[in-house]
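Note that the chains take the letters A, B, C, D and E in the order they are written out, and that residue 1 is the start of every chain.
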Amino acid sequence: ANGLSIESWRSDDANIWSDVIIPAFNKSHPDTKVNFAPTPPTEYNSALQAKLKAGSAGDLITCRPFDTALDLYKDGHLAKLNDLEGLKQFSDVAKSAWVTDDGKDQFCMPVASVLHGFVYNKEIFEELNLSIPKTRDEFFSTLETIKTESRYIPLAMGTADQWEAATMGFQNIGPNYWKGEKGRKALLTGEEKLTDKAYVDTWKELAKWKPYLGRGFEAQKYSDSQNLFTLGRAAIYPAGSWDIQTFNNQADFEFGAFPPPVAKAGDTCYISDHTDMGIGINANSTNKEAAKVFLNWMASKEFATLYANAVPGFFPLSNHQIDIKDPVAQEFMSWRQQCESTIRNSYQILSRGTPNLENQLWNVSAQVINGTMTPEEAAKETQDGLEQWYKPQQ
Amino acid sequence: MKLLDRLMPSSGIRQVPKSVTIHAVLLAYTVIALFPIIVVVINAFKERRAIFRDPLGLPDSDSFTLVGFQQVLLRSDFGLYSWNSLVVTILAVGLVLLLGAMAAWALTEYKFKGNLLITFLFAMGIMIPIRLGTVSILSLMVSLDLVNTLTALVLVYIAQGLPLAVYILSEFVRTIPKELTEAARCDSVSEYKIFFCVILPLLKPAMATVAVFTMIPIWNDLWFPLILAPGEETRTITLGVQQFVGQYVTDWNSVLSALTLAIVPVLILYTIFSRQLIRGLTSGAVK
Amino acid sequence: MASVKLNNIKKRFGDVDVLHGIDLDIKDGEFVVLIGESGCGKSTLLRLLSGLEDITEGDLYIDEERVNGRSPAKRGIAMVFQSYALYPHMNVFKNMAFGLKISGKDKNFVNNKVMEAAKKLKIDHLLERLPRELSGGQRQRVAIGRAIVRDPKVFLFDEPLSNLDASLRVQTRVELGKLHQELKATVVYVTHDQVEAMTLGDKIVVMNKGRVEQVGAPLDLYHHPKTQFVAAFIGSPKMNFLTAKISQPDPDNTQLVLESGRAIHACVDTSSLNKGDLVQIGLRPEHITLDCEHNTVEGTVTLIEHLGELSYLYVDIGQEGEMVLKVDGDNQHKAGDKITFGIKSNRLYLFDHQGKALKRVNAHTSATITL
Amino acid sequence: MASVKLNNIKKRFGDVDVLHGIDLDIKDGEFVVLIGESGCGKSTLLRLLSGLEDITEGDLYIDEERVNGRSPAKRGIAMVFQSYALYPHMNVFKNMAFGLKISGKDKNFVNNKVMEAAKKLKIDHLLERLPRELSGGQRQRVAIGRAIVRDPKVFLFDEPLSNLDASLRVQTRVELGKLHQELKATVVYVTHDQVEAMTLGDKIVVMNKGRVEQVGAPLDLYHHPKTQFVAAFIGSPKMNFLTAKISQPDPDNTQLVLESGRAIHACVDTSSLNKGDLVQIGLRPEHITLDCEHNTVEGTVTLIEHLGELSYLYVDIGQEGEMVLKVDGDNQHKAGDKITFGIKSNRLYLFDHQGKALKRVNAHTSATITL
Amino acid sequence: MTPSNQHDEKKPFPWHLVFFLGPGLLIYVVFSVYPLLDTLVLSLYNEQQGQSSFVGLQNFITLVTDDTWSQAFWNALGNNFKFFAIHMLVQNPIGLLLAVLLSAPKLRLSGTYRTLIFMPTMLSVVIIGFVWQLLLSPIWGISEDFLYNIGLGQYFDAWLGKEGSALITLAFISVWQFVGIPMMLIYATLLNIPDDIVDASVVDGANSFQTFWHIKLPLILPTIAMVSILTFVANFNAFELIYAVKGALAGPNFSTDLMGTFFYRTFFGFQLQQGSASMGAAVATLMFLIILVGVMLFLFFIQRRIQRFQF
């Protein structure tokens, strides 16, 4: 068969693939028919797993970072990519999310990462005469001002979808507490525990968000948060860089972004720059050669430029120098220079056992914000969970 | 008393309050049942800001817009999805009815070894959701090379719908007077013709009942389309809407329009069957 | 048309013996009526004949051929059910034509056949109607029509009139009788109703608990019941029974004494019995006279039913219970009246303790009514 | 017990007039039977009396009180339905006790009442059974028992026997008659069956298409039907009707001519009619003699039905159609025989073109059978 | 047929049975029975990295004893019973009430009511879930305004988001959707009660309520029993609504987790959690057993005592 089919959870990007990326690829490779077949993110893992088991999955598989993909590789669903030409375009850090624990085998090629930070409504800030908060104190006084001096919701976030609390909350502001990669690695080696001050403090800050959230935030879903912000009813939005695209489409006001505030002015800042997306080849694909050709093309500067500008907020991981036109995306991108990058701390290895740390983080972070759990309890619960199965932490 | 009677020659008047109460309660519940659906439909025709400003207001000249529907029809192949759903649903329901009626007939009319076992086997199917066997089903479909075909869906839906169909139809077959088949047998009618010319036409009302009860879960199923036929060409409307909603979750015009569009075919199918449904129910099947 | 012969036919459902060995000869063209109480096995026997049920033991011959295992379709029979069993979704024409069509008959042939039968049954104007649009009597005729068109050798009827109301029943009964005369078909006809049995049957088979109690021509059964069961079954109102003791057995003039002590003479041969043996006196309501003679009994009228030209008197005769008398329509008795009535010695029946009829001597067998 | 008076009662269902103004007086303790063809409004009338249906127009008095709008419970009536309408989930005792319990009667009182009624109806051994464990006749008695315990002023029966088989029907009919004599209750009784009507009713109301056709004592209706409808309705087999033309109107000896040209004399006053007017001759099967006199008619026997003590002859008399004759049981005629029979001038009825009976002169009204 | 009747004609092979039963049975066995059995068998194995080994009942023991698993399991089971209880206490009584009202004699428009009230049952959870989230959303404020207008404004809360109320709210949404089914089934049974019986009780002096309580209710008990079983089976299989509204993690804090969502997470995994086919199969097997035991208990204790009545 001459066709290639791509499994992905990026259903939002379907149009971009079909209208921009695939035609670009076909310009140089007119014979290969490529089909982008996304599944919504919530069903992606289960559907993909079922399809792989049954042998009905596509030729190219979009990889979640770390263990989810690693397990697929271990189960023999992903092909080894060690000798793929295009991999040379990526740094080891970028590739680290998709290598085996011993560092020998590469099974997915990095595609993009996402950054966290806060997006704000410039018009509201102007109206209230606010400036961008640099420190936590400034951040909370800004929130307080918005709350007392206007009818806007200071912070657009809900806990109904749980992951919002963990990803846009905990993983967003946390790196400043646990010092990015340093803290993350220490957790892996067992030197630090989740009950340590850095983590408890992260949750403490999250707990302090509660008064600034909208009414009924417990039932507020991710899309509600987005809507609150784009409809101009909320001033600040704890964001993932991928939101830029949605906001560009829907907000009729100008918005900007700032990185998670630090404790004191001048402190080193840490940002979550998460290697979110890779792509690999289905081990059972009947069209591996074409798949490799496609991957190599995806490692090219042409793809990186196309992709970064078509989907602002997804930042290419390859070493090519590219221009990003979107101002907000540029802003996000610029933090890479100012701050230290790290990835989400629960992704590598730590979510390998039962109970699952990532799921636990979702649950406890939401509860901490809801006020149904104290930061200490949250820390203890997650730490207990880890200790149940993770040797270095026992 | 006498005076009263004379004043109210038709004593029906006195029963009016009772029927008023009944209508009031039914009307109230009807409103509860329809309100959410109506909210969806009216807001599908409103601008995004109007949806938020006045969610219960009817669209007026300012807020009226069809942009949602345009988006839906432009960005997803609703026609194809509907067609797929229709094909799958009609084929599956039709075959469930036919095969179910045949099995129900055989199980109730003929005594043979294994009758009880098979009846029991079907009864179990009512209790266990077929979804628990998803992985095996999927690998089966792969080995049959049926993945991403509507055939796969149809087959699974038949397996899913048969147990209840056999159960309900068996009850119905029992209510058909034995004399009818005996008369036919005396008339030298073959067993096949007895079933197709005599029994099947008599099962019509029951079939409508089964059709509705089988159709609802099939039409609305998300699971198997997702697993067995997620491809663009074989996507069903429910899956299409679900993905559309997932994709454009913040674009409420489009979402509400998609939902509205998804309601329409169900309503059409239901109105076709509803009269038969109540006839089937009242002729004594599901007691 | 064909003869039917049953040779010691038995039927068992699981452990239950329903028919205990039925022997029966039905001649070509004969109209045989099966009667008996509910549950005595009439329908079962019919179903064995039709082949809808398997025969447990014994041989069944239709037209001299043994047909035991043969399927209903191949026996050349047609059956009319109590409920008519019309196909509710087919109109009258299709109902009648169904069997013929199925057997692949030529369309013209089918049409002609159906039209002919429909005309005969006067339902040719109803051919387009569905069964539910027909009255009971019309449905009944369609059911018969469906049987006729197939030219069966034997017609089987299972209580075909019992769903009709009284007046329609009478009318349809008459039509059935005429139809049989016309078709000269062999008919086996099950009924509960003794009037039907008496009026339609060339031969009546009285069944009792899975056995044949008596076979005979209608009037034969009326006049010469072999058992008390048959005597009670044939005749309306039912024969009255009184328990009596033989005070003097005799070959032609037995002397009996009722429980009340009253003596009765009977022209019955009781020479096989002994003095003191208990017997049942059987006495038809129409054979009791109000002009007192000898052999009289007294009683009190408890109820009188006027039917127009005649009336029924219900008379309490004390210890022996109640008797029914059929009397003239202008009889003026009232409830509470004391009356005396006579029993003609040559009009009464005696049954021994097994219910067997004792031989009557000089019995009055003509049916003249002797009111 | 109570009297019931209906004063120009009308009933309309939507646009359909079902009852066109019924006047009726029912005396205390009277047993009134409503008969008439299916759909003539019998059940509707009963339901108006019971209060289950509203009266459209007119007045209904029970015991002199106007009860038009009153609820069924407060009318002091009890109704026995054709289907018995026993509560299938209650045993016999509970079925009978339900009405009393509902009205909050003392437990002991209820028990006594039910036991008493059950004994009277001989169902006291069945009290624990559920309706479906009862035979038809037993169900029937439970239904009656349920009515009795409530000591109603008026009993309403809607075809209570029509679901029973023939022999049980006769038996239950007799019991009903006795029960009425015992309870002396006012009863309104609907039936199709004229034997029931004749035997049970003190008074029979013949209804026809929502109107009362004639009210009278049973024998009165038999002997003096006011209309052809009533004449045809009462008597079994049905009265024979022949169309004739008046050749000589006369106050007491009318001369008629049949279509076949045969002349007939009738002792009927036809002075109001003219020569040449068409009339219907009515002739009961039991009033036709086979000993030829004057006034004879010839015909061919088409069918003979033997019922034991008597037989029915069906005779084709040519143009005028078919007549039924009730003859002696030992009559030896066969189908195909030509016979001649006589019509007694004083035994026949004449009906004018509206179906009204013409006055008979010297009519023989006693019910002696003249075979 | 007895052996003595040797010359009886032989019964042919029952080809018609094969014809009537064959196709349905084949499809059913291949695509339902076999996969399900396969799943049940799988629950006795441990599957890791493509290797599977027989472990007997170990998976079940883990499921009910091991802390990490059992907490989730018992929580889901408990929630499921709550979910079921709400359906029994709310859905079926409302269904009954509506059915009784609909079957009132000579009621005009009853067909229209029936059709309209049945409508939500026809809609997919995608629609239902979305609509109710919108209606109950504090952001949109429809419910809040409504409660405010009838003077109950202070009772409004983000019901779907609170641990204490989320499950109940979802149960009510489910009730709203499926009330049509008990209504239809009970309505049909009520129509089958002969008018005569109701008339008889009216003549016996019973008022509407007494007639309902003493006559109609006992007669529709078998249907209510059947509806209960259907509700039980459906509730213990419930998945879609929770999944559509709350996702597979069934938040907040698993307060809306049902056996169905628990099974889904276990079997297919979620986010970073890997699915385990064998543990999933164990959950499925337990679900099946619970349903089976429930149905059996029901048949044994309740159904036996309820009689069906022929009218």
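General remarks:
As a convention for this text, contacts are C-beta pairs under 8 Å (C-beta built on N, C-alpha and C of every residue); 3 or more make two chains touch, one makes a residue touch a chain.
This one's a predicted model, so the numbers in the text were calculated from it and none came from an experiment.
Counting only chains that touch, the fewest steps needed to get from subunit A to subunit B is 1. Steps from subunit D to subunit E, taking the shortest chain of touch contacts, total 1.
Of all chains in the assembly, those touching subunit C and also subunit E are B, D. The greatest centre-to-centre gap from subunit C, using C-alpha centroids, is found for A. Should one ask which of B-C and A-E has more C-beta pairs in contact, the pair is A-E. Distance from the subunit A centre to the subunit E centre is 38 Å, each centre being the mean of its Cα atoms. Rounded to whole angstrom units, the spacing between the C-alpha centres of subunit B and subunit E is 16. If each chain is reduced to the centroid of its CA atoms, subunit B and subunit D end up 54 Å from each other. Computed from the mean C-alpha positions, the centre of subunit C lies at a distance of 26 Å from the centre of subunit D. Counting partners per residue, subunit C has 71 as the residues that reach two or more other chains.
Multi-chain contact residues, meaning those touching two or more other chains, occur in subunit B at positions 52, 134-135, 190, 242.
For subunit E, residues that reach two or more other chains under the stated contact definition are 267. Listing the residues of subunit B that touch subunit A in their complex gives 48-49, 52, 75, 134-135, 138-139, 141-142, 147-148, 226-227, 230-232, 242-243, 246-247, 249-252. Subunit D meets subunit E in the complex at residues 47, 50-52, 71-73, 77-79, 81-83, 85-89, 98-99, 102-103, 130, 132, 146, 150.
Partner subunit E is touched in their complex by these residues of subunit A: 42, 45-46, 49-50, 64, 66-68, 71, 74-76, 158-163, 214-221, 224, 227-228, 346-347, 351-352, 354-359, 362-363, 366-367, 370, 372-373, 385, 388.
For subunit E in complex with subunit D, the touching residues are 194, 196-197, 199-206, 210, 214-215, 218-219, 307, 309-311. Residues of subunit E touching subunit B in their complex: 14, 16-17, 19-21, 23-25, 27-36, 38-39, 94, 97-98, 101-102, 104, 107, 109, 111, 113-128, 130-132, 134-135, 140-142, 176, 179-180, 184-185, 187-189, 191-192, 208, 222-223, 226, 233, 237, 239-240, 263, 267, 277, 281, 284, 287-288, 291-292, 295, 308.
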